[in-house]
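Naming follows writing order (A, B, C, D and E), and every chain is counted from residue 1.
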Amino acid sequence: MSIMNLNSFIYMRHELVLVAVILLFLLAEIVVGSKNKNFTVNFAAGLFLLATAIGFLPIPYGEMFGGMYQTSEVNILMKNVLNVGVLIVFLQSIAWLKKDENEGRITEFFLLIVSTLVGMDYMISAGDFLMFYLGLELATIPMAALAAYQVYSIKSAEAGIKLLLLAALSSGIMLYGVSMLYGANESLYFADLIQNLSNNPLNILGLIFVFSGLAFKISIVPFHFWTADVYEGAPMNVTSYMSVISKASAAFVLMTLLFTVFKQLSQEWTYALYITSVLTMTMGNLFALRQKNIKRYLAFSSIAQAGFIFLGIIAGSQMGMSTVIYFLAIYIFSNLAVFGVAGAIFNQTGKESIDDYNGLYKTNPALALTMTFGLFSLAGIPPVAGFFGKFFLFTAAMESGFLWLTVIAVVNTIISLYYYLLIIKAMYIIPNDQPIEKFSSDFYMKAGLILATVGILSIGFFGGIHNYIFDISFGILN
Amino acid sequence: MDILSLLIVIPVLTLVAIAFSKSYKQVRVIAAIGSGIQLIQSFNLVWQYLQERASGNTATMVFTKSYVWFEKFNIHYDIGVDGISVALIALTGIIVSAGVYASWGVKEQAKEFFIWLILLATGVFGFFIAIDLFTMFVFYEIAVIPMYLLIGVWGSGKKEYSAMKLTLMLMGASAILLVALIGLYLYSDVDGGVRTWNILELAKVTMPIEAQRIFFPMAFVGFGALGALFPFHTWSPDGHASAPTAVSMLHAGVLMKLGGYGALRIAVGLMPEAAQEQAWFFMILTGIGAVYGAFGAIMQTDLKYINAYSSVSHLAMILFAVLMFNVTALNGAVMQMISHGFITALFFSLIGMIYGRTHTRDIYKMGGLMKVMPILAGSYMVASFASLGLPGFSAFVAEMTIFVGAFQNPDIFYRITAVLVTSSIVITAVYILRAAGILLMGPIKNEEFKELSDSVWYEKVTLVILILSITVVGMAPLWLSNMITDSLTPMLQRFAAL
Amino acid sequence: MIQGIGLHEILVVSSLMFFLGIYGFFTRKNLITILMSIELILNSVNINFVAFNKYLYPNMMQGHFFSLFVIAIAAAEAAVAIAIIIDLFRNIKTIDVEKVSTMKN
Amino acid sequence: MEQYIFYILASIILVFSYLTVTSRMILRAAVYLLFVLIATSGIYFMLNYNFLAAVQLTVYAGGIAVLIVFSVLLTSQLNEKMEKVTPVKMLSGGLIAFAGAILTISTITQYEFVANGLAELDPSPKAIGYAMLSYEHNGYVLPFEVISVLLLAAMVGAIVIAKRPAKLLNEDATEVDMSFPTSKDAYKSRTKEEIDSLLK
Amino acid sequence: MDFQYTILIPGLMFLSFVYNILWGRTQAPKIAGLIGTTSILIAAILSYYTAYQYFFNVGLVNGTFQAIIPFKMEWLRFNDLLFIDMGVLLDPISIMMLVVVTTISSMVHIYSFGYMHGDDGFPRFYAFLSLFSFSMLGLVIATNIFQMYVFWELVGVSSFLLIGYYYQKPSAVSAAKKAFIVTRFADFGFLVGILLISYITGTFDFGLLNDPNGAAMTQGAGAGFLGLSVMTWALILMFIGGAGKSAMFPLHIWLPDAMEGPTPVSALIHAATMVVAGVYLVARMFPLFHIAAPDAQQVVLAVGGFTSLFAAVIAITQIDIKRVLAFSTLSQLGYMMAALGASGYGAEEGIGYTASMWHLFTHAMFKALLFLGAGSIIHAVHSNNMTDMGGLRKYMPITHLTFLIGTLAIAGIPPFAGFFSKDEILVALHQSSHLWYWVEVVTAGLTAFYMFRLYFNVFWGENRHYHHAPHESGLAMTFPLMFLAFMAIVSGGFFMFDFGQFISANLVPYDIHIHWDVAGFSIAVAVVGISVATVLYMKPSAIPAKLANAFGPLYKATYNKFYFDEIYLFVTHKIVFGLIARPSAWFDRHVVDGLMNALAWITNLASNSIKGVQSGQLQHYAMSFVTGSVALVLFLLYFMTR
């Protein structure tokens, strides 16, 4: 156990910088007031860009607070990835925030998002279940507020309450599991649990209850039902944030938990993951097939993607972990590209039905192209990055012997390809008398979309990225 | 820049140039220039390859280059060619050029059309030069997916349905294939050593037979679906019927060959033990395909359907030959890929041209076109004769090689299926002549058709390129045959050990 | 330690309370009563933590502190939940949970 | 003696928990919940965790319960009884909860908990205060700080929802467009008919 | 002796074809004709020169004629043993065929100048003629069986193109298709036969296959099927190919229809040259047939014999003059086949072989003559039907005279050519099989009868009222007639032309002499046939109609060619199309494709049927959540205990 001193606070720089950002937001709100929209958004975006940049500084890692907080290279990487994702979300939200309906609530939006991000960062770095739980709640409660952000809309409020109540239930169940783990293993510190945890019924109970709590956040069947409704009801940018950042962080945390704390129970959680991932892929795809609303559609698409993520986790190897992180990074960029375009269109026209996308390519080729890249990436079609992510997930799963799971997964990719192509079809093929008119998005939106597209196009080609991730990953088999 | 990567770089540069061009006229000129350079480069490659072999290089693959891509998976951008891939690259170069001229008349969204078309070509070239399974698969998918938009946007008829069906079936097959490829990779270290995706390395590994039994059918069906293996061929008639001319040409002419090539080089080439064990099953499927495709073609009235079913029949022969495990049949398989590529491209281009004039593809609505458009009709006649395997045209050479090869196996079951497949030459004659007879001969059915014009210059370019290729291969096949046979030697050594 | 009362008795009580909360969550028609059920659930978890701490590992106060933080979070949760519920009520004049289902399928 | 007090508290907890989740009068349910919370704090007292018990009383019983009662008053007619729960729902919910309870309780009761037998740490407010501000192992300054961020965020969140956009209130309007309110007309308060039609 | 120039014989024709097909349209039609005719004349001269050199300058070596291969190149290699060479094989029969083909082809080329004059497709016609000549020449000089197959196919396609020359005429188109498909079907047998033989013997080469002492003779003896050896099966399959090309029963149906082509084409392809390819094939493989697979040879005999009778019977009732000639061709081809089937190997026993080849030679001459004569008549009358003709001898003296010579030749009246060759055939049959001998004697009588029926109907009988008076054709048409008439006289034994000196089964010269016992009888039979025809048809009379009525159904059956066309139509349309092709197309669209669509449909159905799960009800979601957790715990605790 290392001795803590002031210097070691630098380990926590992601969180600290973000908390500072929150404070500066508040300060700016007080000093400048809410009237100056341009200043507010520029300030927020700039500040967050700075925070993101700071995250990338090469700074050491270690543990603090008696093991309650710990960072490692892979944690830092994940936080950086999340930061970049949130940056893109910010850029994509600005046009929406500037609208009349959000008069006087711009700073709050940024503040809530950053605070959930802080929560996720703490969750990632948690060294015991208390911090983990706090991080989880910090990532959830403001999220419900964000989902209910459009106070005039029934759907938004409905989304908020559904998310909050179900999240509370899930965290209640998770807490019950945690309490069992505590009772059986004397400690809530991960380091102690890794030592003490053994294969007994109470631990299995705890494992599953904790797993359920996280599976809820990743939208794993059968804990996923909130996803579609909340995604549909929440404002577009919040949906995008939830589907990307929140899900990615939870998936990552679940993976590290399973790989470290529940290492001894790997056989048990393998079963659980196997069953749920098959269910998730299949159900997600089957529901996505028939959606007409783009947000709802993407909700089910993201559920299906979560099932794929499990392929890497279930592999349990260093390869599995590295591909999961790699996949998550790609997933973030791909989904943000798709959501970005959907958001741009929604902001401009208020349309969010897939039928409205008919003939989009003729009027807005750039948007359609970005969307295409994003969808191809989600579907796993080369040369965009999603293909590499999925391919490696399959490889990792098969490497650990999950042949039939992989076969089920590839069959599911085909179903998913069908509905991804539906949007392609709408944009390029189906004629439309009244297509969405040609419009130009603002600078922020463009920047956000370009960032996402560059990510999609480049991650696959630079093998070094995966190399780096692999080197800092770990598995339970080694 | 090495000679092989140029084959990818040239189309990519063409793509970029097209993306920045202003009008459809510029676009097609750029496309023509780009594909022309690519064609020259393809021939240059053939020449260089023959030189290399003549100079005594007996390596399995020549011009190999290797760049690390994903180190931890041992994935490389590995390229290299042997006689088979060189021949198919030349085929691709020719058909892409012909295809560009065949789409000279595309004006609606011409830029996008050519971009997707050339992207498709890029995928095909990449597939043929790759010797790393992963790289190969990447290019494979790049080649398949543009089909969706090409058919969906520029197609005709039930284009949306057809495009979706085609894409889903092909991608579905490729997904199954993917599992097989990963399986190959994972078992590549059974003899010790590191895991690899490299075909040359994999060829040295003897995969456990239990694993082969799982992965061989996956690989064979995965590639086979693209090669119109019965019963996974149903995307083909609809897809071809809906696709625009150049796309049909490229797809039937080149893309479907990826299936045969992969089945030969990967499914059978790397897992021969299981291939031999399960050959009987797939021989039944291919045998059915060859005969049944031909029978299916007899009753069609849509020109494109006729040709699509004909492709099913002819491509079944490729897969059939691949399962024969002797040099003659394998040689025939590759020859058939090349031959069918040219012939079917010629057919589809002609169908496109005729359709462009008559606005119908129903043979019963046409007739006596020979009188009105002698050049097109004559070319159609040539294509017909070539397709039914007349000497002097490439198909004869290819089919005979396959038949002779198929007969070298004394097993009675092989013999019976071989006879069955051979019988397709009769049925082929029936449907080809039926179509040609109704379409080109007899009285002119529609008065309006008397005013129709014959081919224009760019159509002639297409036709000349293709007919010339067909006859050159048909009349002087020896060099090609030798080039292919040489490259089959390593594979046959592996089979000999069975 | 409560004289004469074993750990299991307390745990049984808390577990029953937990599942009563769950039952309430399943069956109550009013969003606020569902919120109450959640409070029951959290409360039962707290009892678990405290009991474990006291009975098994009294040398540290991990369970105790956990309960403390759970209480705080329950408060925050309740605050936001009630804000949303009231917003919902302003929108649709009801907080019947079955009515809150405009989005489905 | 303690034994009996515990049994009394336990039965209060269980009975009032049950009533909380079944009572058809919403305000009564809130009061029952209050009883449960108070009884819980009684258990804490019995376990000698006085500080925690106090927090339970103030935050839970004093804060949350009041909050709930307050919101009940805001949103419900007090005399109104809630509709009966449909048997299907009751049965299925009950079954699931029952199964869960059986499963967990049987698991717990079969499990032999082993105390570590170490000396008890004095749970005095002072010790708690030290631990709360300690950054060592078993120190809780970090969670303490984090929860302050959480509370801030929750507060902001609650406010942001409660606060309707000032510009858009109290304006006359003619149309209601739920899905995409581009005009401020959309934000007027809705009549019952409109709501009913929207909820269909 | 260096025979390398022989490659020019087909080569010239190929060049002529390429030139005419590519550039023929752009020039005056005459030029195309001239190019074609010049090429074939040069080829003919080269052939004669070759024949002279081969038979007289090179002559016998060790008492036999040697096969010479002056030119050979590898064309396609299958494996170390099997490869296709393209080369020139010179031996007696190939040289004889060169002479026949070039001679007839030259005549037809010249004749067509007159016959096809003014036709739109004149260059095309000459291009196709060149193509045909090239293919046929390539076929006869083939050094190996696969080269033969290559040209065999090309011959087939030229035939298709020429039959369908009047492509706007639906009947011509369907006749062309029929010809091609029927022969293609036969070629399938041929191909499988080749493949079998190549597998058994490991070679395609004629030299190796036909060596009487070679390994090929015994290699296929074992391992049979249905009691016949593999080699027998292989040869029977090959014979099917030959039978298709030579229109043997039951694959004969395409030949009468093939008369839809221009008459010179009928003369060249469907009378004189292409249709004898089957005979030539059997002759080419004769040692193999005779030594390695006598059973197969019996099949040849039976098919040939039956066809000759069958066709002769049908010919009696036909009224289209070209069809009469077509059936007579069938009948004569049957003779040739039967002779080969009856032949032994060498010396007196091998007379059937010699006779067959001789008959091939003479038949080519007189049948071409007859066809060209018929063409001349049709050209004058503008009709094919003999009911539209009569009394033409006054209008067309040269045609009449030459036609009469041809008729006498085919009827087997000495001293015309047909007599000698047919006599040898009858002798050969007499030696080996009495059944088929009698069949052929009857056929000879029938031949004489129906040919004279034709002759009288056309040139005698009553004068018809022609639209414009028929007149004799021009020199371009009459010259070939006269030349061929001359050949029809001299190619027999009139000048003691001893065919056996050049051609025999074992390549050893053999002296032919006329067997007057057999010959006398056959002459008598022929005279009877002629007499009956004279009585019935020389003057208009009512007897033929009465006879036709008297025989009623039999007459009708014969008139309708025993309904073979209808049977084939039934088989192709009702069975192949109706019961195989249409159902398989349906099966593909609905069952196979339906399965793929059903997958999509099922997925959609599943998607729709579970949509209720996402009910929008918060509490259902919660139930699912808890159920999931509890179920997982249950599963892990009680079902997956380790």
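Note that in this section a residue touches a chain if its C-beta (ideal position, glycine included) is under 8 Å from a C-beta of that chain, and two chains touch if they have at least 3 such contacts.
No experiment lies behind these values; they were computed from the predicted model shown.
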Graph distance between subunit A and subunit C, where chains that touch are linked: 1
Co-neighbours of subunit B and subunit A - touch as defined: E
Pair with more cross-chain C-beta pairs in contact, given A-E and A-D: A-D
Chain nearest the overall C-alpha centroid of the shown protein atoms: B
Between subunit D and subunit B, distance of the C-alpha-averaged centres to the nearest whole Å: 67
Centroid spacing, where centroids are CA-atom means, of subunit C and subunit E in whole angstrom: 97
Intercentroid distance (Cα basis), subunit C paired with subunit B, Å: 65
Rounded Å distance, subunit D centre to subunit E centre (Cα mean): 99
Per-residue multi-chain contacts in subunit D, two or more chains: 89, 92-93, 96-97, 100, 104, 107-108, 113, 116, 138, 140, 143, 147, 150, 154, 157-159, 161, 198-199
Touching two or more other chains - residue numbers and ranges from subunit E: 600, 611, 614, 616, 618-619, 622-623, 626-627, 629, 633, 637
Two or more partner chains touched - positions in subunit C: 11, 18, 21-22, 25-27, 34-35, 52, 56-57, 60, 62, 65, 69, 73, 76-77, 80, 83-85, 87, 91-92, 100-105
Touch relationships between chains, expressed as pairs: A-B, A-C, A-D, A-E, B-E, C-D, C-E, D-E
Subunit A - residues contacting subunit B, complex: 319, 322, 376, 381-383, 387-388, 391-392, 394-395, 398-399, 403, 406-407, 410-411, 413-414, 417-418, 421, 424-425, 428-430, 463, 466-467, 470
Subunit E-touching residues of subunit C, taken from the complex the two chains share: 22, 25-27, 34, 97-98, 100-105
Subunit E-touching residues of subunit A, taken from the complex the two chains share: 161-162, 165-166, 169-170, 173, 199, 201, 204-205, 208-209, 211-212, 216, 221-223, 225-226, 228-229, 267-268, 271-272, 275-276, 283, 286-287, 289-290, 415, 418
Touch list for subunit D against partner subunit A, complex: 104, 107-108, 110-111, 113, 116, 135-143, 146-147, 149-150, 152-154, 156-161, 163-168, 178-182, 184, 186-187, 198-199
Residues of subunit D that touch subunit E when the two form their complex: 89, 92-93, 96-97, 99-100, 103, 107
